[in-house]
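Here you go, one structure.
The first chain written gets the first letter, and so on, giving A, B, C and D; residue counts start at 1 in each chain.
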Amino acid sequence: MKSERPVKDSWRTSLHEIIFEAETPAGKVFDVGLLLTIVLSVVAVCIESVTVYRITYGSWLRAFEWGLTILFTIEYGLRLMAVRRPFRYAFSFFGIVDFLAILPTYLSLFIVGTQSLLVIRALRLLRVFRVLKLSHFVGEAQMLRAALKASLRKIIVFLGAVLTIVLIVGTLMYLIEGEENGFTSIPRGIYWAIVTMTTVGYGNVTPHTVAGQTLASIVMILGYGILAVPTGIISVELAGVTRQKVSTEACPECSDEGHAEGANFCKNCGSKL
Amino acid sequence: MKSERPVKDSWRTSLHEIIFEAETPAGKVFDVGLLLTIVLSVVAVCIESVTVYRITYGSWLRAFEWGLTILFTIEYGLRLMAVRRPFRYAFSFFGIVDFLAILPTYLSLFIVGTQSLLVIRALRLLRVFRVLKLSHFVGEAQMLRAALKASLRKIIVFLGAVLTIVLIVGTLMYLIEGEENGFTSIPRGIYWAIVTMTTVGYGNVTPHTVAGQTLASIVMILGYGILAVPTGIISVELAGVTRQKVSTEACPECSDEGHAEGANFCKNCGSKL
Amino acid sequence: MKSERPVKDSWRTSLHEIIFEAETPAGKVFDVGLLLTIVLSVVAVCIESVTVYRITYGSWLRAFEWGLTILFTIEYGLRLMAVRRPFRYAFSFFGIVDFLAILPTYLSLFIVGTQSLLVIRALRLLRVFRVLKLSHFVGEAQMLRAALKASLRKIIVFLGAVLTIVLIVGTLMYLIEGEENGFTSIPRGIYWAIVTMTTVGYGNVTPHTVAGQTLASIVMILGYGILAVPTGIISVELAGVTRQKVSTEACPECSDEGHAEGANFCKNCGSKL
Amino acid sequence: MKSERPVKDSWRTSLHEIIFEAETPAGKVFDVGLLLTIVLSVVAVCIESVTVYRITYGSWLRAFEWGLTILFTIEYGLRLMAVRRPFRYAFSFFGIVDFLAILPTYLSLFIVGTQSLLVIRALRLLRVFRVLKLSHFVGEAQMLRAALKASLRKIIVFLGAVLTIVLIVGTLMYLIEGEENGFTSIPRGIYWAIVTMTTVGYGNVTPHTVAGQTLASIVMILGYGILAVPTGIISVELAGVTRQKVSTEACPECSDEGHAEGANFCKNCGSKL
């Protein structure tokens, strides 16, 4: 696959290996350094949002931010150069994130108040999984992703049912409690229903009438049962994914997989495992 | 089954296919259009409940609502015509929902304040599962329903135990805290116990005495353990249902079921699957 | 077992069947009637605790309560007569509950404010499981009880760990936040830690300093993970109990039980199932 | 293993058995007494932190604390003497805890306000597991620890994803709600996001704008689904650990493992178990 590339590509290949891969020592150093820089940058954005620090260290933080932005811009340019199809990278998930990560600082020259958007750099932290690729974490992440993917349809069906219940319950509470008890509109009733069914329970909107509190009690008890469903779905799918992983032993004769844990003979061809 | 119907029924059959089925292109277009209309109608009811919008756009929203109600009335009439036994449809779950969905607007001519009941139209959104019938969602929905059905009895037993605990704990808190700390009656104590045991925790009624806070701590910790039970029940039933689905393939020779997912030979008689 | 009882016992046997069993029609009628009376009695106690109703309907409720107490006293006497060993019944769980259920009304002749204790009658509602004995509910209840019993030790170990964490975290919050932020003592800090770790979150005691909010964030995230443990424990035990139930098929030859679901041959003696 | 130790070690061995082991009667008495003393000491620290009690019983509590500290100091000295390698004990987990448990009282002679640190004695309560060693609790604790260890990597991956979501959501809320609605900085937004996603929901910081409440609703519903993941992970790992424990019996002939609980014959070679 790697044979007969033109000489011109040799520097691109090594640049690609450093920036995009994490298998070589240079690539790993680059990735770990990049992650630390991203963490620093996110921390700086968080600190700048605190009024006290913005007033005291404002100029330092701005200088620091510009330094990082220039670094990230150079990195973005190198990434575009390192790949053979720059457009495919530029419109990939991480390509867009990398671009959005440097945009707000330049925008802040023209528009006031865009610095907070820099926190989108946090999304770049998802690159951390690439550094972990070398370790066993990638397998765990893949299992979690596979389980979430397998349970997606069930959860959509479930969310559809929950949203319908929330709509009905929210409206009923609006009718029962009325505007004088804080349920000023149906959307506010729906908001209350979501806050209650997810057991968050802020307590800024609560029922005051006996009928409202009775309905709320029913919603809480039944709601708790209903919200046990996603946990069950994910448990089952995770168990399925884990079970598949367990049966990685392949038959030496027919290379069939998926045998039970204690099996002695291949379930496919009958030869000894 | 479809042979030798009288000619008179041919238009009814095609009408039935469009309105009640979602397999033909026309039926699917009708159902998707219907769902969008229902969503619009629910959104309109929600918007109308907000005082600011009711004052500003009140007449527009009322006109929109009447337009939709007339549309839904025509649809209801067509549904009654499309089925051979109109009474059976009229008293089915969706028949009643469809009727209740148009009733409030007409009632609002005579009684003030019934418009909010229009949110019952949200129940019509459950028709969404019919549109999804074509896809794989119906299987997921059936599995969820089967799991909930299988766990119903266990959950009723569990709810009975929880209600008894809630009664006792609520009364104890009423006795311990008394009216001066917000526990003005036993029902209010029960309400507090439900809010606490479901971990909603609004915080508008909280214990103030040391004894009350100690009891509350015990209720919270034990309550958390108790409420782990429905999650466990549903997980187990979902796992059972999922396992059954996997093994639906039957052996063509001995019709044995319950084979592993990748099995090539019947685990019972050894013939090829 | 029932053979050769003395004649004197015949009325006792039929009395016992009516009061203690629910298999005969008379017994079932008695039990359902008893349950309804208990529900009415609990509702009356709840209503009486509401100040408005106590003032308006006080005398009616008191008369109703005395009527029920006399009924329950007669029932208690009949129970004592119906069993051959009255002491064993009197000191059994339900014997004590039945006694405590009539005590408060008589005590209220001498001491003021004991009526609320009548809610202990709610415990009598647990008799509902006997009425359900005829149906399949008893199996479900037994499974739940078996699962809870099997997970008891694991949950005790888990609660021990949680209590230690709660002690340490509560003290740390007391030291960090101090009395000026509502953490007036270590027990109050522990109360806050329990309210937070169980995700109840009343919001009447919350951290105000940056260090306190950081610690609270860690407690919440880790606490959520920790509290996932009882759910896991109960799920696993319930699954085990359910699995055991599945394998109720016994071998026709050696009557061995516990075969896998799709098994064709007995795992014990090898004969066909 | 215990053969040919020098005579000098004989008192050390018996001291070690009393202080460090719980198998002998003397060792068990020592451990149970120690646990009770620790509980008393923790209770005393808690009581002293309550202002009312500190003023009334201050001198008594101080005297009690000094008495316990001297006792624990003697115990610490004996522990150092009882082991053959005192440094290894001194720098082990329990060695450090034992030292920290006596330090604050002595420090309080020089620095004011260190008494609260005495609650670190609660960590000594973890020794309770040693007393339980004799019973079956140790197996349960080991299973829990094994399950938590096995799920550690998955949970780290999961926490990484949650922290990224929390960062993004917290910043979005800061941008949407702004300082006038209590979201005074990005860290405060992140704090709100953690409080909401873990379903704690204090209610001291809540969204007030429509956009903020809509985002909050999405965060709550999706967040609930996301936080179902650790429960699923732990359930699956616990199930795996439980399954392994069940099948620890090995065939005496072929040493095959993984037999069903009630099996009489090896499922592999057919010899009697």
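The rule is simple: a residue touches a chain if its C-beta (ideal position, glycine included) is under 8 Å from a C-beta of that chain, and two chains touch if they have at least 3 such contacts.
Everything quoted here is computed from the prediction, not taken from an experiment.
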Can you report the angle of the rotation that maps chain C onto chain D, using C-alpha atoms only, to the nearest 5 degrees? 90
Have a look at where chain A meets chain B and say same if over half of the interface residue numbers show up on both copies, different if under half do. different
Match interface A-D to one of C-D, B-D or A-C, accepting only the pair for which over half of the contact pairs are the same residue numbers. C-D
How big is the gap, in whole Å, between where the Cα atoms of chain B centre and where those of chain C centre? 29
In whole angstrom, how far does the Cα centroid of chain A sit from the Cα centroid of chain C? 41
Chain D residues counted as touching two or more neighbouring chains: 187, 190, 199-203, 231, 233, 235, 239, 267
So what shape is it, when you link every pair of chains that touch: line, ring, star, complete or other? complete
In their shared complex, chain C is touched by residues of chain D numbered 42, 45-46, 49-51, 116-117, 119-120, 122-123, 125-126, 128-129, 136-137, 140-141, 143-144, 147-148, 155, 159, 162, 187, 190-191, 194-195, 198-204, 227, 230-231, 233-235, 237-239, 242, 260-265, 267
Mind pulling up the chain C residues that touch chain D in the complex? 153-154, 156-158, 160-161, 164, 167-168, 171, 174-175, 179, 184-187, 190, 196, 199-203, 206, 210, 213, 216-217, 220-221, 223-225, 228-229, 231-233, 235-236, 239-240, 256-258, 260, 267-268
Quick check: in the complex, which residue numbers of chain D touch chain B? 199-203, 231, 235
